[in-house]
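These are the structures in question, set out in turn.
Look at the two complexes coming up: chain A is in both, with chain B in one and chain C in the other.
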Partner chain A sequence: MAKPMDQITWRELEVGAVVVEVGNAMEYETGSWRSERPVVNREQCIKCGVCWLFCPDVCIVRAPEGHFEANLTYCKGCGICAKECPVGCITMISEEE
Partner chain B sequence: MDRFSVFTSRLVEKSENFTSGHRACQGCAEALAVRLVLKALGRDTIVAMATGCMEIISSPLPLTAWKVPWIHNAFENPAAVISGCESGMKALMRKGRVPKKKINFVGMGGDGATADIGMGPLSGALERGHDMVYVCYDNEAYMNTGIQRSSSTPYGASTTTSPAGTVSFGQQTEKKNLTQIAVAHNIPYVATACPSFPFDLLEKVKKAAALPGPAYIHILSVCPTGWRIQTEDAIKFGRLAVDSCIFPLYEVTHGKYNLNYRPYKKIPVEEYLKGQGRFRHLTDEEISHIQTTVDRDYQKILKRCEED
Partner chain C sequence: MPKVRKGVEVSIAIADAVAQADTDVIAAYPITPQTHIVEHLSEIVANGELDAEFVPVDSEHSAMSVCCGSSAVGARTFTSTSSQGLALMSEIFFIAAAMRLPMVMALANRSLSSPLSIWNDHTDTMMVRDAGWVHIFVENGQECYDNIFCSYRMSEDPEVRLPVAINLDGFILTHMIEPIEYEDDETIRKYLPPFTMINALHPDNPVSMGCFGMPEIYTETQMNREHGIRNSYPVILKAWDEWGKLTGRYYRPVETYRADDAEYCIVTMGSYGETAMEVVDTLRAEGEKVGVVKIRLWRPFPYDEIRAALLGKKSLVVIDRAISFGGPGGPVASELRSALYQKKGAPTIVNYVAGLAGRDVSRKDFRNIILEGKEKARRGETEGFTLYGLRG
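== the complex of A and B ==
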């Protein structure tokens, strides 16, 4: 969008409140909700992609070396990846640390 | 290679049609289900979605998390709107106004929109034989408005309108069996799925889209907020529901039953119930009643699968 979301007024909306831009929810950064972040131990990771498949926030991305890591801009810190990892290489660390 | 089904996470479709930045609660298995369904369907899809959690979290007005054409409907309408879309596109293709191609028409709704409010239009759309898929995301209550009971809420669950306490043990009636209602319409394809079994879900959605005629998919989507469980356990509880046979995974293709997943060891329902805050008040008597009903329903499904 051309403008930040909080500056948009009703005049700028399309007729019928149609949203013409696809997938623009990416502008809203849900990472600020997080209280714990997933940290991947790269030595243990078997690069299976189970964390990627089970992430409800579509925030796990494949790093160039083949590992999977969370994009912390969108990660809400639910901990599903750490729980489902078959080798247990993901740990949840408190954001305060 | 063609003779084997290979199930590896890395072989699953990479493109995402449901983006990050949606506002689902942490650990929402319903958002995961939507993501997997759209992965299976691809870009040539039109979605009509009823009011509910998924609509609220994915499309706060100037933003949308969808990368496919998406229409917002009132609670009653998704099945009616998507059948209109299908008929309209069919007419436009016949007249040559739009190029002919295979488009997936998908109606989506929560359990409230499907089991309670949109039951009539859904029944009509299934009966008229439109080439569409209807997906019900069943999180077993009206989670969006604050956990009110729906007709899909299971026996004994405590919700804000069926609270457990000294007088009541929660929901008094049994869960409405929507899958069997869909089967009774004699449509080409009906299936149950759960995002805890992602490959099964992907295969079923692909099959439903490929078969001509209406298809109905019932997806159990665990809701950590409403079920009162830890966010990281969302996948685990989906698995427990299937392993305890509360939610058997089966499909009905042209009236032929097929059980897709037979638990290696059937676990008692207590293991599924005891971890959830909405069931924690249940006494042994009520748990044994639930076990009896679950066994009864599972035996029925098994019998039908063996007959076919």
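== the complex of A and C ==
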């Protein structure tokens, strides 16, 4: 965003509060909502990409070696990736630990 | 369509106007007393006389949703509803205004259930008074026809971009056969050229509409909205003025009849204005110094014109067609009390609620209301409201 959301004045909004800047959801870092984080066991991972497909936040990215991992800046810790992983290689770990 | 004067049902004239306006999308669900409007439009589209999408939806909620979608891509959009239909679409009705989506609705005013009633009053439209739509009240069939074009002009203006509702009294207007002057297509094309939606949905220029708004931004979006509807006022005046220059039929936010030298006035909205004028003529002949003030533009509320017309009068008798239960009584009287409060020369206001759910208000009733209201004002009986004709 050109400006942080809490500094935009009402006159600066587009008519109808239309958002014309593409992909500005990136500015909203939802990782702070998380109480659990997904941890991938790379030994077990078969690099199928099911977690990448199911992540509702589109926060799972492919690592250079072909494994998949959550971007913790955005991951809300919903656990859908761990639930859907066909080989069970993703474990949800409490952020308190 | 050539310029022609013909006897036609008002609903049919509205449908013909929507077709003449080269509307692109019509989405509606039939409900009494609006049905003839969309029924005739579906015929016009099915006959190939209008190149438009007619979307026969499964409910009014869907109707307004389709209208939002079509307006968002920049299609000229029309819908029509009444009463329970408006209630069902109310969720999306508010969203249309908040997202500043131009469209026109013929709102055939009808009472809300319960008890179930299909007849006319203004309880349905008052439910959505604060949604942020422009609300126009019309008095006869000609005004319905004319205001379809004027409403599109207002709605699509890049400075406005708001949905506009034309409030017409159900049955009293929708089912009335009247002589109506149609303008020729060339005049309409000149007055209402195709419109371009700024920030329309298009794959080449992606935008997001109706986003999630955090507490940090919601307040700003609401001021943007409030500013939008207040700013529509000069555009509304211009749209009516240009229509007047083309056709000779001029409209104003507040219209008066024999009110300039009147000591007191009767205030109405909608089709009651016609009866009020007739009764005022009779009373004038008897020496009563009474006039009529008709509110045509309900939102944005025309404060300046209201004050210009009403300050200095001794009293006002305001006829409402809805009740704000447990509150101030009639919404129109409440608005006038607020607009005139603490202003120099503010008249005494007496409020009647009459004609609920189609109960006939005849010339005799108007006469009673005007004369009785004048006496109430003289005696200072201005609290609350009187439900005219109530038994017991």
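Criterion: the second predicted complex is superposed on the first by the 95 of 97 C-alpha atoms of A that agree within 3 Å, B and C clash if a C-alpha of one lies under 4 Å from a C-alpha of the other, contacts with A are read in each partner's own complex, and residues count from 1 in each chain.
The definition used in the following text is that a residue touches a chain if its C-beta (ideal position, glycine included) is under 8 Å from a C-beta of that chain, and two chains touch if they have at least 3 such contacts.
Every value quoted in this text rests on a predicted model; they were computed, and no experiment measured them.
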(message) According to the stated criteria, A:V19 is in contact with first (chain B), second (chain C), both, or neither; which is it?
(response) both
(request) Figure out whether A:G77 sits in contact with chain B (first) or chain C (second), or with both, or with neither. (result) first
(message) Just to be sure I read the superposition right, which of the two partners does A:P56 touch: chain B = first, chain C = second, or both, or neither?
(response) first
(message) With both structures fitted on chain A, tell me whether chain B or chain C touches more of chain A's residues.
(response) B
(message) Per the contact definition in the header, classify A:T9: touching chain B only (first), chain C only (second), both, or neither.
(response) second
(request) Would you sort A:W33 into first (chain B), second (chain C), both or neither based on which partner it touches? (result) first
(request) Examine A:Q44 and indicate which partner it touches, taking first as chain B and second as chain C; both and neither are also allowed. (result) neither
(request) Please write out, lowest number first, the residues of chain A touched by both chain B and chain C across the two complexes. (result) 5, 8, 13, 17, 19, 22
(request) Provide the residue numbers of chain A that touch chain B in the complex, in ascending order. (result) 1, 5, 8, 13, 17, 19, 21-30, 33, 47-50, 52-59, 71, 73-74, 76-80, 82-84, 92
(request) Spell out the residues on chain A that touch chain C in their complex, using ranges where they run on. (result) 5-6, 8-11, 13-20, 22
(request) Enumerate the contact residues on chain B facing chain A in the complex. (result) 8-10, 12, 16, 18-24, 26-29, 31-32, 35, 58-59, 61-67, 195, 198, 224, 230-236
(request) Mind listing the chain C positions that touch chain A in their complex? (result) 98-101, 161, 198-199, 206-209, 211, 213-214, 216-217, 219-221, 223-224, 227-228
